[in-house]
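In the two complexes below, chain A is the common chain; its partner is chain B in one and chain C in the other.
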Partner chain A sequence: MVELVLDAVTKRYDDAQGTELAVDEVSVTVEDELLVLLGPSGCGKTTTLRMIAGLETVTEGRISIEGRDVTDLHPSERSLAMVFQDYGLYTTMSVRKNMAYGLKHSTDLSKAERDERVQEMAEMFGIEALLDRDVTDLSGGQKQRVALGRAMVREPDVFLLDEPLASLDAKLRSEMRTELQQLQNDLDITTVYVTHDQKEAMTMADRVAVMNDGVLRQLGPPEAVYENPVDRFVADFLGNPAMNQLPATVDRRGDEYVLRADVGDGRIAFASVPRDDFDVRDGDHVTVGVRPEHLRLDDASADFEAAVTVSEYQGNDNFVHMSVGERDLTAVVPPSVRPAAGDTVAVSVPPNHIHVFDGETGASVRTSSESRPAPESET
Partner chain B sequence: MISFVASVARESVTGLRLLRRQVRSDTRLRRAGFYASLGLTLLVSLFPFYVMFATSITTDDAIYVNNPSLLPREVTLSQYAVLFSSETFAFTTYFVNSAIVATVTATFSLFVGVIGAYSFTRLSYPGNTLIRRGVVVVYMLSAITVVVPLFQLIARLGLVDTRLSLFITYTVSTLPLTLYMLWNYFESLPVAIEEAAMLDGYSRVETIFRVVVPLSLPVLVATFLFAFKIAWNEYIFASVFLKSQAKLTLPIGIEQMNADFSNVWGQIMAASFLTTLPIVVMFLYLEKYMVEGLTAGAVEG
Partner chain C sequence: MSVREVTASLFGEYTESPVDRREALLGIVLILPAVVLIGGVILYPIAYNVYLSFTTVPLNPDRAPEWVGLANYVELLASRRFWSAFTTTVTFTVGTTVLSTVVGLGVALLFDREFRGRRFARGLVLLPHVTPIIAVAFVWQFMLSPLWGTIPNVLADWGLYSTRVGLLERGSTALPVVIVFAAWRNFPFAFLLFVARLQAIPESMYEAARIDGAGAIAQFKDITLPELKGTIAIVVLLRFIWEFNTFAEVWLLTRQILTLPIFAYQTAFANFEQGLGAAISLLLFLVQALFVVGFVLLFGEDKV
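Let's turn to the complex of A and B:
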């Protein structure tokens, strides 16, 4: 049971060019779980991780591990281990020395005990045969295993991973992903994992923290964040292909609001939703969003028509790219539905999968009704 | 005389590189032009070196003839014998002096260089950029422009005619090069390794000497060699700061031999050859490190 608490942690860089706010008052508590910090490059996720590690100073706010304030401690006094994207192995040493070095420094274990620990950890990661090799001779996957082993062998309270799979090829990456998940399940160690890969985030995380421009946008289990994004950024960042988002105007028709999407050369009635569902007024400008997998092309009750531009065969489904007026839409449909480029298709939008965002702020006004009651996910 | 060796070394490295590139080009004329220029370069750089060696193994009679030949007709080691047995010319003392001065200078310059270059590349403090630029500017200054003020300083400190005066001035004058080579290399080292070391509990100083230094061996060797070479060959400072025979270094010693005695060219060439030898041997032995160190983003001296 280890609790890592970030309390309004802020990182500000001051230099001749002025002040840059890299991380803005991020608060989060991680306890015996795998938290993924997710966001585009430059969003502050790595800076946040490095502040936890003690590799960057904290401008404001506090960081504590198990109630112990570690904000001003040396990295080695924080009881944490870190795995770097480019491994950060000591290239002049053997695998065994790489793994044993931290132990020698940070514990009072005897040499025999240290060797035993290294051996155990090496077996766990399947690298016991490599122990006496030089790390420069290893493949990328092996290096990453050694880096993981080196981190875990110290039995840290908190485990930090900075894009650990980014340097691996696709196949190895998915293998290591599974392995890491198993490891985290087995060890149940408080882990913070930084990635820009939403797939890694969705598959591995107990909770995801989506960051942008140094701000923590949303925190919650992957499903909750996916289904109830708090704003357009989160909606756009999670999901592949990305959520379709169109500017629209609210048009009240009896008990329904009709969302009329602006497609450049006119407006189309994109979707209709029940009035009591959400808080907008007649004539409001909003952004309407729908995930590609919710658009249907084979339904009789079509909302509007679209011209197919590209149809991508994916094996278990098809990605269909379409244009409506000047806007592009993407649908993910079953393999049986495979329109050709140039075809005109009838698109239907199920009302219960409609997201509506404020036209100005981009904040969510309505999320897909399936997953209601909505956000318990804010920090 | 001695700087030929360095230039030969440099030429051969660039020559090899050129060669590799040129092999692919197909026109014969181009190849002929290439080999001609290569031959000319080698001639200019190696011929004086050859004359030096040839003269050093020629008898005095054969040196001072009207039609000197390129090949010594009669090989003798008498010039070398005189060098080591002479009462008036203390070659061995000069050699030892030079070795001490060059070794101490290169070692100290390397040590200060490692710490300084590390601070340039890894620590942020006010004035970092300014000091870096200053180093480059100082590197551009030639020794002759600072020798008078330096002498005044050395005199004020009471260090005239001491080895310490050379240790200090040589270290300072080799530092810009050392710093520049090392910081270029350090910048190419991944910071993650050092950060991993910090997490493993190393202090900053331990990180430098346990992690950075072992990773930088090639460039450290190259840097040491360049600093050594500069100190070994240095003439101006030594000629101004040193007075007593017992402390003179080789370049000054050889110069004095020319001034004090007449018609000793055979011995001068023998001494010059022996002066050149250590640098050549060091270079040949450490060449693979040098090339590795130089191509890792550093400059030559």
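Let's turn to the complex of A and C:
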């Protein structure tokens, strides 16, 4: 049971050109779980991780591990281990020396005890045959394993990973992803994992923290963040292909709101949703969003028509890119539905999968009704 | 034999088609100017020097050099002056190489961090190496002058200097001063190579070491030094070769020191014993060749 707490952690860089706010009051508690810090490059996720590691100073706020304030402690006194994107292995040492280096410098184990620990950990990662090899002779996957083993051999309270899979090829990456998940399940160690790859985040995380511009935008289990994004940024960042988002106007028609999407050369009735479902007024400008997998092209009750620009065969489904007026839409459809480029297709939008965002702030006004918390979905 | 036959015999196993053969011929034609040039300005003088070292060259230019066999070498190896010059050269070379490498490494380590004006400061550090040697040699002579020089003054204030004889005029102090001067002039070379190499060491290794709990000294010993090993070997090798041949740094500063290059120069062009001079320079060459071979054997070809 290890609790890592970030309390309003802020990082500001001051230099001659001015002040740069890299991380803005990020607060999060991680306890025996894998938390993924997710965001585009430059969003502050790596800086946050490096502050936890002690490689960057904290401008404001506190970091504590197991109730112990570590904000001003040296990295080696925080009882954590880190895996770097380029592995950070000591290139002039053998695998064995790499793994024993931390034990040598931060524990008072004897040489024999250190060797034993290294041996055990090497067996766990299946790298015992590599122990006497030079690090420079290893393949990418082997280096990755050695880096993990080196981190784990110290039995840290907190495990930090900075884009550990980014430099592997696609096949190895998905293998290592599975392996990392198993490892985390087995060890149940408090882990913070930084990535810009939303697929890694969705598959591995117990909880995802989506960051942008130094701000923590949303924190929650992957499903919740995917189903109920709090704003347009999170909605856009998670999901591949990205969520379709169009500017729209709210038009009250009896018991329904009709969302009229602005497509450049006019407006189309994009979707209709029950009126008492959410809090907007007639004539409001909003952004309407729907995930590509929820658009249907084979339904008789079509909402509008669109021209297919590109149809991408993906194996288990097709990505269909379409244009409506000057707007682009993407749909993910079953492989049986495969319109050709230039075709006109009838698009239907299921009302229970409509997201509505405030036109100005981008904050979510309505999320897809299927996953909404009970009180709201009673309507 | 025609050129074609020569190339065919040289490249026989590789030239399977006329196209390949023409390609090989073109290659030879293209490298020919370089080979001829190198042969003319390097190989021929070396060969001629070897020949001269076995002769006595008369002062009368109309008379051919007179073959004397190994007489020049026998004379040299029996002469105390030669061995004293040899010892001085080795002392000078080792001292300068070590000092310039250590100082270059130290300064490079200081530059391996961000600070304002780093690029400008790096340019300043190169100044000793790029300023014309005649200028810096005179400035050093001026600074070392027993009458008005700064250095004797400061040393006198510290109680380290009391004679009226200048530091450069006494054999015992001239050599250390010349070593310091040559190291000062040449440390920027080592500095440049070290700075470039240091910047190529991934920062994540140091960060991993910090998390692992290694202190600054352990980081230097376990990461920086092993990473620099190859560069140190190259710097030492190159500096050793150059310092062994050094003429200007010594000659311009003081006439009190006799190194082998100066000995060769004086013998050939002051005493006009060109055969003997050639023999000295050939011995210089041999010592260096032995050193390079030994060095490569010791450190391995891939590292150097």
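Everything below uses one rule, namely that the second predicted complex is superposed on the first by the 373 of 379 C-alpha atoms of A that agree within 3 Å, B and C clash if a C-alpha of one lies under 4 Å from a C-alpha of the other, contacts with A are read in each partner's own complex, and residues count from 1 in each chain.
Keep this in mind: a contact is a pair of C-beta atoms (placed from the backbone, for glycine too) under 8 Å apart; a residue touches a chain by one contact, two chains touch by 3 or more.
Here the structure is a predicted model, which means the values were calculated and not measured.
> Between chain B and chain C, positioned on chain A by superposition, is the outcome a clash or a fit?
clash
> For A:S106, is the partner it touches chain B (first), chain C (second), both, or none of the two (neither)?
A:S106 sits against chain B and chain C alike.
> Per the contact definition in the header, classify A:L80: touching chain B only (first), chain C only (second), both, or neither.
both
> On the A-aligned overlay, A:T92 touches which partner chain: chain B = first, chain C = second, or both, or neither?
Once the two structures are laid over each other on A, A:T92 reaches both partners.
> So which positions on chain A get touched by both chain B and chain C?
53-55, 74-76, 80-82, 84-92, 101-102, 105-106, 150
> For chain A, which residues are in contact with chain C within the complex?
53-55, 74-77, 80-82, 84-93, 101-102, 105-106, 150, 154
> Spell out the part of chain B that touches chain A in their complex, as residue ranges.
190, 192-193, 195-202, 211, 214-215
> What residues on chain C touch chain A, complex-wise?
Going through chain C, the ones touching chain A are 202, 204-205, 207-215, 218, 222-223, 226-227, 229.
> Would you tell me which residues of chain A are touching chain B in their complex?
53-55, 74-76, 80-82, 84-92, 101-102, 105-106, 150
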